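Contents: one structure, followed by commentary.
Order of writing sets the chain letters: A, B, C and D. Residues in each chain are counted from 1.
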Amino acid sequence: MKTPIILVNFKIYNEISGARGLELAKICEDVSSKTGVNISIAPQIIDLSYISEKVSIPIFSQHVDNIKPGSGTGKTTLEGIKAAKAVGTLINHSENRLKIADIDSIINRCRELGLISVVCTNTISVSKAVAMFNPTFIAVEPPELIGGDISVTDADPGIVKNTVKTIRDIAPDVKVLCGAGVKNGKDVKKAIELGAEGVLLASGVTKAKNPREVLEDLAKGAMK
Amino acid sequence: MKTPIILVNFKIYNEISGARGLELAKICEDVSSKTGVNISIAPQIIDLSYISEKVSIPIFSQHVDNIKPGSGTGKTTLEGIKAAKAVGTLINHSENRLKIADIDSIINRCRELGLISVVCTNTISVSKAVAMFNPTFIAVEPPELIGGDISVTDADPGIVKNTVKTIRDIAPDVKVLCGAGVKNGKDVKKAIELGAEGVLLASGVTKAKNPREVLEDLAKGAMK
Amino acid sequence: MKTPIILVNFKIYNEISGARGLELAKICEDVSSKTGVNISIAPQIIDLSYISEKVSIPIFSQHVDNIKPGSGTGKTTLEGIKAAKAVGTLINHSENRLKIADIDSIINRCRELGLISVVCTNTISVSKAVAMFNPTFIAVEPPELIGGDISVTDADPGIVKNTVKTIRDIAPDVKVLCGAGVKNGKDVKKAIELGAEGVLLASGVTKAKNPREVLEDLAKGAMK
Amino acid sequence: MKTPIILVNFKIYNEISGARGLELAKICEDVSSKTGVNISIAPQIIDLSYISEKVSIPIFSQHVDNIKPGSGTGKTTLEGIKAAKAVGTLINHSENRLKIADIDSIINRCRELGLISVVCTNTISVSKAVAMFNPTFIAVEPPELIGGDISVTDADPGIVKNTVKTIRDIAPDVKVLCGAGVKNGKDVKKAIELGAEGVLLASGVTKAKNPREVLEDLAKGAMK
């Protein structure tokens, strides 16, 4: 997966419901194609296959259950995510926290299936613990900053820098994203300067009056 | 919604993963169109919008969370289900049980949004309790028979008959489906004779060697 | 169980931790003994057997899991509650909501074991649904009023009156308690006038500067 | 805390309900006193304060919720555990798994409150992750062996040895217990030889015909 990465989590905002989700996905694809920056998306879970079929940028699931195909009405499997041609999944998002044994198992199964694991964490110590599982990415998001107006890169640059340094010492192959409050190219640039390989963001794009402009600005921040 | 209804729950079986899910949906659509019987489907949740776009039979979500659009990474909203042009949702399936206050709230919001609520229940007393919420359908499925070889209509016809009678006394507008072990047209016919307005089934179709034949047989059971 | 009942939920307030929990239990016992009013208590779950051994007023568990004795580290069973000589349990408190199938099963097993079931509900429709399970008590507590300064009997007397009337029509043996914001004898009196057989309260007693005075006042409200 | 430790989890077995729980606690105390071996217990959660008052061996809670004193009907707090004069708590037992962010927070708060944290783990990688949180003890229990007839020290000595070695490299202060299938003094001796500082066991004691004999044998295994 090419880095830096701008990973846009659509959450379940009204603004991305139905046709508007696909529209935003298309804009992400277009900006990615024009700027050459890796813009990946995590659409609403019910739209996963639908959007995956229609755009060519990397698609992530917002969540996965630690369950194998079979019974499990309403659950989401890694096998299903792969069959939908998504490239991976968010794991343990602050709005969908998982048990530690399930995180271990899901990351192992991602590896077996060739899927990218992006594990969200809330503190440096949780990041260190998750590093032991060797996921593809750790996305550190201080919960108190999520959905807010101030980027983690301004509010708490130390957590980004320390997470990057600490993870690098423990598990040099694990890449770090940072999230919470990220809104513009300046925030992305700062994140990269602090050692992150990209950002995870949501409302900054999904609720923007002009998402294309915001995405172009974010992409600019990701370019050399 | 036209009754009797044959509602096929795809669950998360390997057999309906990726392209095979759409294929099965198309077969359901085709048999429904040829027989005139209402065959509705509940695809894997990640395939909801994808399959909804491509077939014209009624689509149900397998699950919904009691959450409004907004934050809620990985959750499923009624508003999202509606925007995906699904007609309703399963609620409280035995593999995804819900809290009583959430069932109340979800059914109320289904009504406001014009969505069909299909609440799964495990006993006559739970069916009676749920009847108080006036959902569109109650689907009674004795958990010990789910996924088994013997249809509830043979193993425990009393639970179907009594559920129908009891619900009718309490909430005459609520329709009853029965599920668990339903496999063929004879089971469907028996369910209708016992007073049900259709069946909810899964493995009987999804794991069949020849799903088309099974569906044709089921549809025959639903015809006068 | 003698009614009217004043049922004091200790929750997990600091004010009832350790020795103070027992002290409050003793005050409840003393006021009950002096006034002849049924004052029952639901101590912190870790104090259940400890307080049950030392006071003679009725003790309730704050919660129970739908699990039988056996494995289940950290869970609470009805059999354990009974062996601790508690008389029953709160079920489905707004801070510990349960799945509908579990509520059904727990109430049935309370009946088998001779335990009193007090099911908390948040709306009239949930109360009606729960009435179908025939618990001993339904305690209606509008969640938005819990822990607040205005008693449900003032803020929403209609919900009490309607719950009582509706339950009486459905399940005449089920008794109704009301809760949320109840603080003094006047509130208790009003609750009884509205048809309730008592109140469920917490902070009004546990956080009072002088719990004895508050309890005496509450008891006065419960006397003819 | 003196090691080696024999930590007896009473679970919610019928055999330890009511008076029998206290009786077993007294036997544990007696054998500990006569042998000088640290036998600690985790009684049923509703018996925590009750048993803690009556015996002088170290008491652990079977579970704790990541919640502070306040509202939280039916929950268990660290502050409550401390006020009950228990010395610590099991965390993340396989029958009561926790989210990773909650484990981090609970261990930190144990440290602040001077409580002993015993985190149960199921694999070497989960043990490594938990080691990052620096709990007092990690108790490794392969879930497939829990409650079985073969001790983990026989069935999978490698997991004990490797856990000890791996933890020692990461967090030298963290002590390792092993559990699952442990039944006699030979198993305890083997556990200590493999580097563990004690064992966590349940049915081997609680379901024994003669728990005193079993405890004496276990203690013998823990002596030089």
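Rule of thumb we're sticking to: a contact is a pair of C-beta atoms (placed from the backbone, for glycine too) under 8 Å apart; a residue touches a chain by one contact, two chains touch by 3 or more.
Quantities reported herein were computed from a predicted structural model and do not represent experimental measurements.
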item: Contact-richer chain pair [B-C vs C-D]; value: C-D
item: Whole-Å gap between the CA centroids of subunit C and subunit D; value: 34
item: Subunit B and subunit C: spacing of chain centres that average the CA atoms, whole Å; value: 38
item: Of all residues in subunit A, the ones touching two or more other chains; value: none
item: Chain contact graph, described as a line, ring, star, complete graph or other shape; value: ring
item: Residue numbers on subunit B that touch subunit A, as the complex places them; value: 9, 11-14, 17-19, 42, 44-53, 61-63, 67, 69-77, 79-81, 83-84, 90, 93-96, 146-147, 202
item: Residues of subunit B touching subunit C in the complex; value: 92, 97-104, 108, 121-123, 125-126, 128-133
